[in-house]
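The structure's right below; bear with me while I get my questions together.
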C-alpha cells in the first residue's frame, strides 16, 4: 500500500528523527509513504482570517496533488496536519475561499475538499490497527511510563480536526499500550507548550512547558512523547522530562532503531 | 410611479382560527382601523391553506392575498405553520415564475394578542397593493369556450 | 334546492351605527338560494334566537347565515339555536360583521358594502355545508402513568383519589425516581426521603393504584379514551408476592463488586439487591448480568437462604395487555454524561463529581453514611469548587444543551450552604455565569448562602482542572475581580445539565406525541395547555416536558391528574366533526398525509374496489380516525391526488368564499 | 474613519454577540498573565467598538493560538480568531509589522525548529 506523504520543512531539517523513523516504521508495517513531489511549506500556522487566501494555497496545492494521485494524504508533523486538515475543511465549507482558491490555482478539475487527510497516528490506528501493531512489536517497551503529549494542534478545534476527543484523547495512549509501554494520563497533555511565542518570550514558553512536564512527572511519567517538533523543542527547553518523537518509540519497538530510551 | 387614486384593491386574508383570526377580532375590539378592502376567510390552521386557493383568488380578480398564522412554535396544531411556511415558499417561486409580483402575496405571523400588529400589517399590505395597482388576472382556461 | 335564511344582527348600535343593516338584509335576500332575510337588534337574545328558530320551521330552511359578531363569540350559541329547531348545527355559518367590519370602519357606505360581501361569502359557503354529526367514542375508565418518580406518583395518587384505577409503570425495581437520591430539598432544606417515602407508601397501599415496577411499555395502540397498551414486566427472578423484603439474600450473595446504581457507582451492591431501604415494592431483584446462577448455573445461595421461597431462577418476562382511557408521560430526566467535558477532569479524578453524586456523598443513607469524604482517599475535603452550567446553555453541536437546566443554581446554593453548615472549616467556591433564582424564597436562599454561610460566589468559569499531587488544580476566571484564579481544590462538583430520560423518545414515537429538538415532550399549547400533549388523551407530568424542580413537578403532576380525571369522568367523548376525510376512490395510498399528521390519526387499510369487467382490486387507502383527528387540515394540502378533504372547511367551501369575495 | 469593529468581525467571521459573558475562554487561557486584555475582553471590546485599544495592546502577540478558548467556549464564539483579526488589522497597515522580517534572525537559536520561524513571520508581519 502506498500513501501520499507530506513531510513539511521541519522534518527535513531539525526534526529528521520524526520523519526518518516514521517512514522506516511504516515501511516495516507494509505501508509506503511516498513524498509528494514539489510540496511547499504549509505555512506552519493556520491563517484564521477569512480573507487570507494566498497563505492557504500551498496546503491546497498539496491536497490537490493527493486528490490527483488518488490516495489519502498522510502528515506527521502536528502543525502541518493542522494547517492541511483545516484548509481542506475550509475549501469544502467556505464557498468564497473555494471559488477564490480555484480561480487562483486554476486546476484542471476544480478542488472542493475531496482528498482525505490522515495523520500518521490515524493510519496506525485505522489502517494498520493497534492490535496488529502490537503483534509486530519486537522490543516491547515494557514497564516504561510515558506521558503522551498531544499539545493543541492535533486536537483543536475539534469540529475541524475531528482527530480525537479534544479533552480526553486516547490515540497516543492506545499507541503506547500497543508498543508495550505504560501510558500515563495527566491533565496538561492537551495544554499549550508555549508554541511559537518561545521566540519573543522565552520565559513564558518555558513556564508553560514546565507546567506540562511537572504535571506528567507528578502523575508518574518518566518521559514524554510528542508528534510536534516545536512541542519537542519547548519541552526540551523548559520541561524536566526527556521528550522524544513517538516515531522513535515506534521504531525502537519494531526493532528498527537501536539504543536505550 | 403613478398612484391610481380610484383604484380600490381586492385583498383576501386567510387567517388561522386560533391566533390570527383572534388577532383580527382583537383589532376590532380595540377599534383599530384598517382598510375595508381586506376580507378575511377563516381556516382552522395556516396549514389548511392550499396554495390553489391563492391561485384561485388571483384568477377571480384578487389584487393581493395574505396568509396569517400563529407564530412559529405557537401553532395550535404544533407544526401546522411550519408546513404552511414551506408550502408558501414554493408558491412564491411559482408566482415569480407566473409573473405575479412578489409583494402581492405575503405571510405574517399574528398572535391572538397582536391586534395592533394585525391592523398595522393590513394597512401596510393594502398600501403596498394599492401602489402596485391592479393585478394581471390569471385565466382559468378550463372554463373557457375555445 | 337550498333554502337559506339570512339574519343580520344590529348588536344594538355596535353594528347598526356603521352598517346599514336593513340594506344588508335587503341586498343579501337577492343572493341565490336565499329565501328569507331579516335584521334584528340582538340576534343572540332569547327573542332573537326564537326568531331564527321560527324562521327555520316556517321557511323550511336548509341553511342559516347569521351576520353578527365573531364566530369565536357566539358560534356555539347559534349552533344550539338551530339544532333546537331541527336543523343540523353544522348547517350554520357566521359572517363576522362586527369585529371585522363595523368596529374597524367609520364610513357607513364602505362598511355596509363590506358587510354585504362578507355575508355573500358566508352564503356561498353555507350552500356547500353538509350536515355533520359529532361522533361518540367510549372512555375506558383507567389511566396509565409511565414513570414512577415524584411526578408519576403524584399524578397517580390524585387520579386514584378521584376514584379511578391507575397503573404506574416504572422501569426500575422501585418507584421513587430521582428524588430518592436527593439528600435535602431547597429552599426549605427538608429531607427528600422524609417527604417522598410516605407518598411512595401511599401509592403502594392505594386500592386504585397498581404499581408495575421493573417494567416497560412495549406497545401502544388506540386513541383517546381507548388505548390498548402492552407492558413488559421484566423477570426479576424473585416472586414479588412471596418476597418479604427481609434482605437476607442481599447480605449472603457472594457477588459483591457490582457498581450500585442507586449510589451512582460510588459503592457496590450484590447481584441480588433491594435498591434502598424504603424501596416500593420492597422486594429483591436479581441482576441477571452478574448473577452466577443465571450466568453459569452455579451458586444458588439466595435460594438457599430465602425462607419465603421467593427466588425463582426460571422466571420469564411477562407481557401484560391492558386498556386505558388516558396516558400520562412522567419519564423524567437524567443528568447528561460528562464524557465530553473532560477539561474538568471528571474521567481523570474520582474527586471530580457531578452534583447528583454529591447528593449521595452528603446523604446519611449514601456510601459514606452522610460524612463528606473525598472519593479518592476518604479524607475530609477542605476546598470545594462548584462549577455551574456544565453542558447547559451551549450553542448547538453534540456537546451540551442549548437550554438552561433551571434547577442547578438552586441545588448548587443548597450544596454550598450545607457544606459550609456541616463543615465550617471548608472554603467553598461557586463559579457562575448568572445566578437564576426565580421562585418563592429562592433568591433569599441564595443570598443566605453568600451572606450567612460565606460561600464564595465568583462570576466566571472554570477553564481547566489538573489533578496533581493529590489536589485538583483549578484554573478559573474571576470576571468581576479581573483576574485568573488558581485554586488548589480537594473536590470539584459539576452542575451537569439535565436531559430527558432516554426512554422518552421511543415512548413519544409509540404515543405519536410530539417532542422538541431536545427530546422534551411538547405541550398542546405552551401557555394555555401546558400539561396536555397535542395528542388527545396523552398528558405530561414533570421534567419530561422541560427542566423543573420538585414543587413545579408536583404542581404539574396534579394538573395533569386533573386533566385525566376530567377525561375519565366522561362516559363518552364527543368528537370534533370537522375532521379530514379521504375520498377512497382517489386515494393512492402514498402516505403523504400520514407523514404530516401531527396526531397519528391516519392509518391505511387494504380495501377491495371494483375494477373493470367485474374484477376486484385490493388497494391501500387512507383511513382517518375521527376520534383522533383534530381537524388542522395539513393532510388535505399534502395529498397529491386531492383525495383528502376537511369536513366543514372543504376545498369547495373555501373556494366558494374566495369566489364570493373576489366577485 | 475605519470601522474597525466591523472590519474585525469581517476578517474573523466571528459574531461577538453570540458571547454570553461566561468567561470560560479567559479561564482556559494559558497566556492570561502575559496579556493586558483577556479573551472575554477581546470579544466584548470588538462588540462595543473599542478595537483601537486592542490594536495598541502588546497582548495580541502573546496569544499562543492554542485554541483552548475556541474549544471550550460554550457559545462557539472563537476568541482566538478575533485576536488574529485584530493582529492582522495592525500588521496590514503601512509599517504595522510587529517584527520586520530582518529582525527575526536575532531571535533564533541553533535548536529552534523551522516551524517556529515560519510561524513568527506569519504571525508578526505581513507576508511571510
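Assorted remarks:
For reference, chains read A, B, C and D in written order, and residue numbers begin at 1 within each chain.
The rule is short, and it goes like this: a contact is a pair of C-beta atoms (placed from the backbone, for glycine too) under 8 Å apart; a residue touches a chain by one contact, two chains touch by 3 or more.
Everything numeric in this text was worked out from a predicted model, so none of it was measured.
Remark: among chain pairs C-D and A-C, C-D carries the greater number of C-beta contacts. Look at where the CA atoms of subunit A average out and do the same for subunit C: the two points lie 49 Å apart. Each chain gets a centre from the mean of its Cα atoms; for subunit A and subunit B, those two points are 60 Å apart.
Subunit B and subunit C, compared by their mean Cα positions, are separated by 34 Å.
Of all residues in subunit C, those touching 2 or more other chains are 343, 397, 464, listed in ascending order. In subunit B, there is no position where the chain touches two or more neighbouring chains simultaneously. Shared interface positions of subunit D, defined as residues touching 2 or more other chains, are 33, 68. Taken as a contact graph, the chains fit none of the simple arrangements: neither line, ring, star nor complete graph. If you check each pair of chains against the touch rule, the ones that pass are A-C, A-D, B-C, C-D.
Interface residues of subunit D facing subunit C in the complex, by the touch rule stated above, are 18, 20-29, 32-33, 38, 40, 68, 72, 74-76. The touching residues of subunit A, counted against subunit D in their complex, run 8-10, 13-15, 41, 43-52, 55, 77, 79, 152, 155-158, 166-167, 191-192, 194-201, 204, 208, 229-230, 232-233, 236-237.
Interface of subunit C with subunit D (complex): residues 343, 389, 393-397, 400, 433, 459-464, 475-477, 479, 484. Residues 10, 12, 17, 21-22, 24-29, 31-34, 36, 39-45, 47-53, 56-57, 60-62, 73-74, 76-80, 83, 87, 119 of subunit B touch subunit C in their complex. Chain contact summary for the complex, subunit D toward subunit A: residues 10-13, 30-31, 33-34, 61-62, 64-68, 70-71, 78, 80-81, 84-85, 88, 99, 104, 107-108, 111-120, 122-123, 128.
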